[in-house]
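The chains carry the letters A, B, C, D and E, assigned in the order they are written, with residues numbered from 1 in each.
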Amino acid sequence: MTDKPKVAFYWCASCGGCEEAVVDLAEGVLNVVAAVDIAFWPVALDFKRRDVEAMADGALLASFVNGAIRTTEQEEMAHLLRHKSQVLVAFGSCAQLGGIPGLANLSSRDEIFQTVYKEAPSTVNPEGALPKSLHRDNGDCVSLPGFYETVRALNQVVDVDYYIPGCPPTPKIIQQAVEALLSGKAPEKGSVLAPDRALCDECPRKDTRPEKLTLTAFKRPQEILIDAEKCLLAQGVVCLGPATRGGCEALCTRGNMPCTGCFGPTSRVRDFGAKALSATASIIDSNDEKQIDQILDTLPDPVGLFYRYSLPASLLRRKKLPEQPATKGCAPKAG
Amino acid sequence: MAYTYFPGCCMHGFARHCQDSLYAVFNALGLELRELKDWNCCGATSYIAVDEYQAFTLAARNLALAEQAGLEVVAPCNACFMVLKKAQDYLARYSNLRERIEAALARGGLQYSGTVQVRHPLEIVIEKIGIKALREKVKRPLKGWNVAPYYGCLLTRPYTLRNGMTLEAFDQLIPALGANLVDFELKDRCCGGSLTGTIEEVGDRLVYILLHEAKRHNADVLVTVCPLCQLNVETHQKQFIRRDREDVNIPVPYFTQLIGLALGIPEKDLGLDRLLVPLDRVLEEHPAELRAAA
Amino acid sequence: MSPSFQPSVKYQKQLKRDLAAEILATPGGEKIYSCLQCGTCGGSCPLSGYMDFTPRQLIGMVREGFKQEVIESFSIWLCASCYECTVRCPAGIHVTDVMYALKRVAIREGIYPRRFPVPVLAKEFMRMLKSTGRTNEFWLAFKMLVKTTPLKLLTMWPLGLQMLRRGRLCLTFNRIPKPAGESLRQMLESVGERQ
Amino acid sequence: MNGNGNLRVGLYICHCGTNIAGTIDVKAVAAWGETLPGVVVSREYKYMCSDPGQQLIVDDVREQHLNRIVVASCSPLLHEQTFRGATAKAGLNPFFFHMVNVREHDSWVHEDKQAATEKAKDLIRAAVRRVAFHKPLEKKRVPIHPDVLIVGGGIAGIHAALTLANAGKHVYLVEREPTIGGHMAKFDKTFPTLDCAACILTPKMTAVKKHPNITLWTLSDVTQIEGYVGNFTVTVKRHPRYIIEDLCVGCLECIEACVYKQAKYPDEFNLGLGKRKPIYIPFPQAVPQLPVIDRETCIEFKSGRCKKTCVEVCGDRKAIDFKQQESTETINVGSVILATGFQVFDARRLPYYGYGKFPNVYTSLEAERLINAAGPTQGEVILRDGRKPKTVGILHCIGSRDENTNRWCSRVCCMYSLKLAHLIKEHTGAEIFNFYIDIRTPGKGFEEFYQRLLNEGVHFIRGKGAEINTWPLDPSEEGKLIIRVEDTLIGKIRRIPVDMVVLSVGLEPHADAGDVRRLFNISCSSEGWFLERHPKLAPVNTFTDGIFLAGCCQGPKDIPDSVAQAGAAAAESLALIDSKFVELEPNTAYILEEACSGCKTCIPLCPYSAISFVEAKKKAEINEALCKGCGTCVAACPSGSIRQNLFEDEEIFEEIKGVLAHA
Amino acid sequence: MPEAKPETPAVGPKRFEPRIVAFFCNWCTYLAADLAGTSRMKYAPNMRVIRTMCSGRVDPQFVLDAFAHGADGVLIGGCHPGDCHYQEGNYKALRRVHLLKRLLREMGIEEERFRLEWISAAEADRLKTAVNDMVEKVRALGPLRLETTAEFFPEEVKVA
């Protein structure tokens, strides 16, 4: 055992991109490895859950958890790491806001099971078997994690100290965050470790947005030939840069793609989608109901557009579940 | 252009001449009438004096049937026209009434959505054909005829008024046929309706005032748009002449009979011979114009 | 004429309030409490000259509970439903519907002179309609006269003859076809007599 | 709490007599209020707006060291200023106060006492949570421009203009017609004193013209108004008169000289009862005393080939200018008085009265002209068919108190009908019948006038005239207008043949009142009258500060009331001007400069161009003086970098949570 | 005028009382509500009004926040088109509401729960009708219970 501070990396409901991002630090990762002792990183190192359970509370300086919370196991691990860590960091959009997996909140668990295990064209499941958390076969017993109805962001499960935004977080953001944490100049608890200004601030196209921009139609990127210099909104492409926290150095807009909002809202906004929606709707160039509707027809799937990374962290969190006997039993809180 | 035709009881009874002339004129104007299948009496003004819900059911059943047919409905009797229009108005306005009537209709497998348009044939002539086009179609102008319009009371009532359709607009029909319009102030005053048959003393007086006033204005003809008015105003003339020794003799044709004449439709197709007060005297007094134009 | 010494005072206990509630519940009658008693209805009515009480007075009496006077009034039978009052009423009262409602109450309670033609006609009209779905004015008039003033049949025959000669009298009933007629009867039954 | 130390809220629930306490259990609410986090004092009191009520707040702040005040009482519209004042008097920033509307929005609109009480609690909880986030604010002081715009030159506009001008303020009086004077100039006598309308009006009209402090623009419309109380910029469009005002001496020789020897065209001032030439003066005492040329009828305009005898006679004065163009003026004023008046009901809308069909059916305004000595018949009542009436029927309430037309009572018709009855009788000796629903004479000397008429033998028939017809049922009715009526007092249907009918038409808002309302950004009642800020307590104010109302544009009224209201509007305007500065609500939006990304979303949204993009900083900036505080940009700012004083996001979020927290 | 009062049933289950959060603009709809008060009109007591200067101030976040905190319906009231005290704030509200409605539809929230009404300062009657109508429609839909779907996570995971 060295005296170096111990850190853990863990993944919940995520794509693995965040793990990749750590690896992407390239030689930068060496600085990290030099400074800390990685005590738990299932994706790369052979530690087991029981190793963590064996640690004393607070034994870890920091845990970096990526991914949203979808299953019982993920929730258990979130709690476990919370107990063992002095600092718990939500790493990446999924942990911070629910992320892409959070869009599953547009469906119920039953719908998901139905689609995945029964209806998908590539599925062969003549018995119609669905995942069970406990399965007995010939006296053998297999247990699987339970699958929650609703995907949650990490802070909806455990107390989170810091957030590193991004899908995935950029190397620069990660490095700055780790340095800040290691240097002991820790920012205020609950902070998002990225600038608190919207992306436009650092977007190279910023100056090309006209002062008074209003739109009569919205374009999807594949529908037009995008001018590489001009503000995307000015080209009719819905770019969420004005609503999205900066810090990514405008990777997407530099790459000729609109910002889709992975860094989430600024600290002053409670619901990313609502604000992005408000700004987008406000610049519609019509006062006529019918015309407004025609213009809005060019914006299919507003939830997917405005809540691509943040549905679980939004004010509504999920699509309203149909009234079911099961939820009926759960009476609303008494008046 | 085709319409659903709601004849009402009169047109199948004492007002066959009105119906004949209506068919003849609509045919000549290129308008088709298709009689509503299984229509029932609209309830007129009597049924509602016994039971209003049943009365509205009667009207609503016709409306529901007409909706199935999918065309605008032509109701050539002012009472039918008004009753159907009023039922539409009330069913739209009073939800409890509507619920009850809808339930009753449902018993007969019918439903009423409120989309059907009820029209008076006069409206259709003025609106769809138009005064100008009508004037051009006139073959035998009724030159020299002094014609007073008598619309009766129910044609323009709160339920029946349509945008832009006023009695003054209707008045234009008469000059279009080549006749002189007699500005008849009583054109929308009540003829007494069924009172002429029930409380005769009172009903007759109303008819008398109409006739007296038409005569005072030197009208040769009092043209009506309602078979009930037509009957009322026509049948009681002899009595006044006999009893009061006042010449109130004046023919009271249904308006399509007059249009038919002007369009040159043969008289027998217009049922002129069925009028109790024949048009003969007027036709004799102004024959030259008629034949010359023909 | 000898003077009558009966007091014409109306005592409160003689009033009956239920009539007003019924009129209020009638489509078109819901505004009777807005009546300004301006008399536009009476002034417009072509028959008001014959009425013992004008429509205005009837509405006033309905509001105050003079049920007996209202129901016994001859005026309600004089209304020919020309809707002139309804067109002009500044309070938006559908006076014609109020008159219909009063007729209904009178017919229901059987308060009208014996052999009085208007209610007899209304009832015969309903009966005929229920059985054939349509009406035949000849038989309607005939039945009404038989039940009210049979002697009048004698004075009416010249007119009848005239009509007959011109092919305007239809002596056969005009029925709607059976299945449709049956369904109409069911509808009328289901919508029910006054609840 | 939000950086303000320990939250100490004083909560006050007003009974408002029984207005609130009759429906809401104020005692229970006050007791419950004590349990709310942060509430230190919770009281109920009979009238919070009274001096002792306000003193309660002051004392509690001092004794209990309160730092936030919540009062649950009436609409903030009425007493927000009162309680802010009390809060300030107690030594707190006045914006540490929040008001809860439990009267207009609760006790007055609900019958279920329990539900109303629960609602009051929810609203109060929301306010207590909100007020914790209030920040100290200061009202902005802006100087007031002392000039006043008055729109409409009827008696109300004239009176207001003279009042202000006499007080030394500069007034712009804008009138659409070629002359000022309005409806009053058309009247013959005024009720109930029967003094001649012209005799009392024309001196005031002349005074307007002569007054050095009044700029009079006739044939003019206000087309645009921008700005806010104290600082309006107004654009006035001036239509050509084709007479150069400065050159014309008002000799009117040009009218005499017109190639038309006879007056030929219907004369607007006399409602078409008389005739005028293409060049004319509306009436002899018109102000300004200038002719006007009507483009539609003048030969020069129609063909360009007129001998122009008018120009010849004008000679060297050269006051006639056929090429005169429309012009616009832009003025700055601090306040506006709207005195745009009314229009009379169009009797053609009720065909059963035969107006427009029977020539001898007149409107009351036409009757005024007929009996006026300066009118088309020199005061002799001569009918359109040349006869003099021996019997006259006056029908009240035409286009008033009628669901089919206008539902309101026009308020002046009873009295002017009595006046017309008297005058027509005086002029013709005719027998006069009045047909009325109710006679309304609730004014000084009005009832006495009614008595006088009764004693003059004028008939009063209680019954609304039902129709005018011309079909006689008796030889005595032949050639007459027959009024059919139910004499409701006698209980008989009557037919009354007369020679002349006067329809006492009601007053209604101008057809374009809606446009004027939008232009000046004020409200209308559902009938279309301009809406006063409060029916009792602010009868000449509007909801838009600095815009006042006078005369019939606010609702039907007679001359004394119009003049009184004009005086009141002038006084309100004076009070505003003399306060030198106006304090603006500090509800402006502001940008957190550090946070702004410069995305420019907000810039096209501001209707006042208050937001600009500063290139140097690459950020947006709000000009506080131009911001009116609507908050539209605040709601739109995608990064939450624009905020609004008094309506901060947190404050509203707290209100939302507060009203829902009971669940 | 005597009016037949609907009788409230003495027994039976307590009917659902929807909670409506309303955002009213200061110049039109808030004043209409004041006028309803001074006119002593009666309407359903289910609405809680939050005042903003203009309907254009209503941030979609407010609407979602209200739903998330237990509102069964949200009503926005503004000046009629063309009548906005701030010229066109109500049009901005209109644009946002139309997009927000689409979003709510996708989130399974019924159309009737979210309304935008133009109610001028003089239209107390319209206000009354709008509130009563909305309360009845939302009552018919039943509780939204978003706060329960959003915050309620079963203790025991349901195993299929």
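Note that a contact is a pair of C-beta atoms (placed from the backbone, for glycine too) under 8 Å apart; a residue touches a chain by one contact, two chains touch by 3 or more.
Treat the numbers as computed from the prediction; the structure is a model and nothing was measured.
Visitor: Under the document's definition of touching, what chains do chain A and chain E have as common neighbours?
Guide: D
Visitor: Where each step is a move between two chains that touch, what is the least number of such steps from chain C to chain D?
Guide: 1
Visitor: What chain sits nearest the middle when you go by CA atom centres?
Guide: Nearest to the common C-alpha centre lies chain E.
Visitor: Report the chain whose mean Cα position is at the greatest distance from that of chain B.
Guide: Following the centroid criterion, the farthest chain would be A.
Visitor: Between D-E and A-D, name the chain pair that shares the greater number of C-beta pairs in contact.
Guide: D-E
Visitor: How far is the middle of chain B from the middle of chain E, if each middle is the mean of its Cα atoms, in Å?
Guide: Result: the chain centres lie 51 Å from each other.
Visitor: How big is the gap, in whole Å, between where the Cα atoms of chain B centre and where those of chain C centre?
Guide: 23
Visitor: Measure off the straight-line distance from the CA centroid of chain A to the CA centroid of chain B, and report it in whole Å.
Guide: 75
Visitor: Could you pull out the residues of chain E that touch at least 2 other chains?
Guide: In chain E, 59-61, 65, 88, 92, 96, 147 touch at least two other chains.
Visitor: Give the residues of chain A touching no fewer than two other chains, as numbers and ranges.
Guide: In chain A, residues 269-270, 275, 278, 282, 332-333 touch at least two other chains, as defined above.
Visitor: Two-or-more-chain contact residues of chain D, please, as numbers and ranges.
Guide: 605, 632, 635-636, 649, 653, 663
Visitor: Can you check the complex and tell me which residues of chain B touch chain C?
Guide: Residue positions touching the partner: 9-10, 12-17, 38-41, 43-54, 57-58, 61, 82, 90, 93-94, 97, 100-101, 103-105, 107-110, 153-154, 157-158, 189-190, 192-195, 197-199, 202-203, 206, 235, 273-276.
Visitor: Enumerate the contact residues on chain E facing chain A in the complex.
Guide: My answer: residues 59-61, 63-65, 67-68, 81, 88, 91-92, 94-96, 98-100, 102-103, 106-109, 142-150, 152-154, 157-160.
Visitor: Can you tell me which positions in chain C touch chain D when the two form their complex?
Guide: 36-45, 48-49, 54, 56-57, 88-92
Visitor: Which residues of chain D touch chain E in their complex?
Guide: It comes out as residues 75-77, 101, 103-106, 108-112, 115-116, 118-119, 122-123, 126, 517-518, 521, 523-526, 531, 535, 543-544, 587, 605, 607-608, 628-632, 634-636, 644, 647, 649, 652-653, 655-657, 659-661, 663.
Visitor: In their shared complex, at which residues does chain C touch chain B?
Guide: 26-28, 46-47, 50, 77-78, 80-84, 86-87, 100-101, 103-104, 107, 117-119, 121-123, 125-126, 129, 133-138, 141, 144, 159, 162-163, 166-170, 174, 176-177, 180, 183-184, 186-188, 190-194
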